[in-house]
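To keep things simple, chains are lettered A, B, C and D as they appear, and every chain counts its residues starting from 1.
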């Protein structure tokens, strides 16, 4: 760890994000067609190390099933519009037609509607009927009720997720959720997040989490950094969580999955996350560009509807191609936003990494210049090239 | 302290500001409703650790009283338009209608009008009549006259404030203000500022200051950095002043309050200032957005009217909501500029800090990337989202 | 090497690019007219240490010959449009008239046409007939076929080049190219690239490469950094490759040439690359501004046509002068984009470097400010000054 | 000195510029009216530590005399239009009316006209007749001829100046200028520049220079950094030259003046240059804003007319006030571009520096954030405030 001082006797670590680092090829290269991108998440083998974020503009039952068929895993938001409304697509149509200054208040209202148990059952059934494994997310406060309902409805994998989730939570007025007990009793693997430190990650592992989501405030549709001042750039957060995984594995023999969640915009970011130690990544914005995404070229952060302290935005992405093109190509754009898996294969080939485990040891360098030479230029080029 | 060299044998410290750092959650989280945001400033307990800056576009007697009722503390500028003009609101109306290139000269003229003792008395009476504690600021040169008049008029807390204030000041032609004597004789607590170093802070404490304002040149309406080349980013300045507080406390048993003054634009900045060691913060621009602020969506730096070397600007902020919404929510924007206290509660909850003292020990990291990923993005989104 | 940590126990080097560094004059200066800019590339003496990149918008046979006559070396792309089409200029005319959003797909189609052996022979003959040495590039997969044909057609120097090229390459379905065997059998010098690490460079040298191209992802028309997450800024990459050259020279007595390839936009960047240890540089974009360049003020990355994962863009440069003006002056612009050799002479004179070898030891400093004060300003000035 | 590594075994210093640093007040403050801004340059006492750069848009004989009367020192360019043309103002009128793309070629032509000895004599006489001390600059190549003529015409101080000037210069075809001999024979003080390293500075001192100009490539009208890749940000360059001054003083008892030349845009930059060790500063752009400047709101770099490798630009500044307002105030702008000496006084007062020597020991910090919070913000505000 690299400590500096931000003032008299007050040490602080230097932390790094996607734009601060770059990957370096060594003396071995591989044919990209030969690399193995499969990974194991909570005992489930995925051919593609990619999860779709539990955001209402990104994952509906159809999208989830479609991701599953392609070898990835879409995660449905159990507290979103698909379990609150009979016709959620009408809500989306209204939302995306609104003037921008009415969006936040509209979303605050929309998410006050009650969650309907029969819709939960129906949504999970739809995913499975269409051939996908069913994965979904709940907040800790609703894990024991809504989460259990979903498990009974046939869910294959549950994610318990909030902005910051820890084993230890104190509240005077709320009932305390017992994660250890929940994991012990759950018949299906339970992933938990989000966290951004070694200590918090290892406690979640000890409580029985099958996987950890890493990422506080990095996503494009999230303003947690500005509103709460909280956030750890994803490269350092991932390295630390991976160190917790490795230490916990050495101590117990059990390997917990690390999923970097949020902040990745291009194929190179996914490669960097895995090189930092992730077993898989969770994508939000990049999937919102898919034809099949429910948001019709829009998505919004799941902290946006908070009635008291909204911390997200509606982002208009547009539509750039099919889900298959975005995940597996072929790409007809050159900015890294299509063919994420092709890009990962190309990166692994160039770095001589035969599989995800070898990719987790790729050489990373810190590059102050990448942003200047790379990102800046690209942005202007992206404008020039259109999408 | 982290020393580098800026040339042969010339050491220089690295210093840090709000955008350079971020807060990191650990393994404990709390219900935000349970955290205690109260603080003690110069012996006065505030439910909210927020002071309103002594700027004429931000604080008039009504705004000061209103802040007091909400648990914060508005500070009236004793040398501003409210003590110079019978109808200060007419001045404001004229100011905000002016073409931009006439603003500085107009302000230079406006602040040449004499301060009227009866208006001082009247203003303080108005604040107290409306239920608030009365706090006000003077420059050192007028502390013995104007400051004393205000104390006699019933002031509860006095702030002696200039761009850079030290115990030791030398002048051939001006009378020297004796801070120690003033503090000794003052029947009410005296806060002093601004300073930005350990050494200057500890001398102010030894002279009897009940609180220290930290911040030289950080505010949005201040151009001291460009004009004088002087300034210390607020995170380092706050850490150093807090170190002085702690050392002075160990030596004497007396705890002096540290108030970070200026440069905070969003809730996350307030959380960072307290995590750096502040007991409270003083806000200017963020309060100018309030319906109740006298500037009607404008404010201007108090060094702007300097006849010889103006160092401030008129900033148009617009109006975004009521003071209560800005301080306590609910927020209907997502950029961190409303519900400052809700954001602080959320941040404290996520960081496991039960009260301000625990928040002062939150983990801070240095993040070169935050600006890139966070600020930049947010700015463009803020445009998209409107306010 | 300067190691930091990007997380627990995960070290990472700091790496640097053109904009991060600057050159520092010492106590000796020379008359720029007296400095010797000649260099040796694979046994061939060049009066100017400049190669023209094997990009179809930059080098056609006429441009290659013209560069040779001026003392530089243009490299023809053996897999580009000039060996696929009887009338390549028609392709270019169509390309540059296309709407931007059709460019990538058009290029993907264009590069599917077969390479014609008789065109290869014809192109090489044209370069030699016009008086230049003939240099050309192939990818490793076609070195044994297309490369050998070109050698038989009279080629003087061959470059085997792909995004990342290593001696060790593994593939299940592709035949493996044996670089050692190829170099041993080749009657002409073989340069190989691209690489960006000490280890990869030294293995290429041991395999018999007469020169190494350094640079992964730095060029203006290349988006490898975003798409694959891979890249090393050119100053560090060049320093490391030059260290490999020096170590290999000490061990074997054979001196391999180091060519920094890509990312240079102005004369100062060329000077920095040589100061970092390069024996020569390879320019793409800067030569696309020449009247004589086939792209008519446009160029495009050679990874753009990739059918599956395009990683380049079409960049419109415009035309600013003749090739001679761009290389040797006189310049009538002030932004460093004309008279590259004059600028190198001026730089060498100011730094007291009599020849390229002495220039390789010039003092380099790391300057966070150059970008702020320099690049930014220049950009706005460039706008002001027009081209 | 702070060394890093830019690659294997290749060390490089970190260097710093104006925007990288900030000044920090300590526990003593002074009345700005009491500080002493006088300095000694080559034996000449100046009330204001400010020289006007030898640029044709900035200094003509009237401006030089006017600066002298105010206590500063304007330096005439002996190789500029005022010694080449009977009516130089006609040249300026033509220049500033030209379309931008014809500027460089026009300037290249203008500066080919011969220098006329009688105009040299006349110009110097005009400065002295109007009451100023006469200072002027020549390049080393013309020092023995043109410089000597000017001395005979009554010059008080001579500056021998080129982009990079060293005692040791080698040329096959040019006669070598012997600086030691020149300084020994000169009846008036000789200042020499520019340089940017300890070693080069100390050799110039040993050769007899009465003062050293520090600054390679920092000015707003100069593109040396881009064209040659050469430059050292001014804070480090000044610290190093000041270290040479101090070492030479200890060894010989003779104190050579250090003048930071170029790159300062606001009052704060001047304060920083002196805090870094300068005895005075040389300003170009900031003085071009003066009503009295010959450029009528324009100026251009003196390397712009280079026939082969122009390295400067024409910058349109506009006119913001009288020379007296720019130097001594009062200011009616708030961006630091007026009342430079008032700003320096304010800065010295805030830092507790009684005179220039004490100011040379002010505390400097390195602040990555200043640019973000300060410069950026200021720029947008400057737009808002107009000039």
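In this text, a contact is a pair of C-beta atoms (placed from the backbone, for glycine too) under 8 Å apart; a residue touches a chain by one contact, two chains touch by 3 or more.
Values in this document were obtained by computation on a predicted structure and should not be read as measured data.
Chains making contact with chain A as well as with chain B: none in this assembly. Looking at which positions face the partner, chain A and chain C present mostly different ones, since fewer than half of the interface numbers are shared. The distance from the centre of chain B to the centre of chain D, with each centre set as the mean of the Cα atoms, comes to 39 Å. With each centre defined as the average position of its C-alpha atoms, the distance from chain B to chain C rounds to 54 Å.
Among the residues of chain C, those in touch with two or more other chains are 14-16, 236, 368, 375. Chain pairs that touch one another: A-B, A-C, B-D, C-D. For chain B in complex with chain D, the residues that touch the partner chain are 4-10, 12-20, 100-101, 103-105, 108, 163-174, 195-197, 199-200, 203, 216-218, 220, 223, 225-233, 236, 263, 301, 304, 307-316, 368, 371, 375. Residues 1-2, 14-16, 21-31, 33-34, 198, 235-240, 242-243, 266-272, 275-277, 329-336, 339, 342-343, 346-347, 350-352, 363-370, 372-375, 377-378, 381, 384-387 of chain A are the ones touching chain C in the complex.
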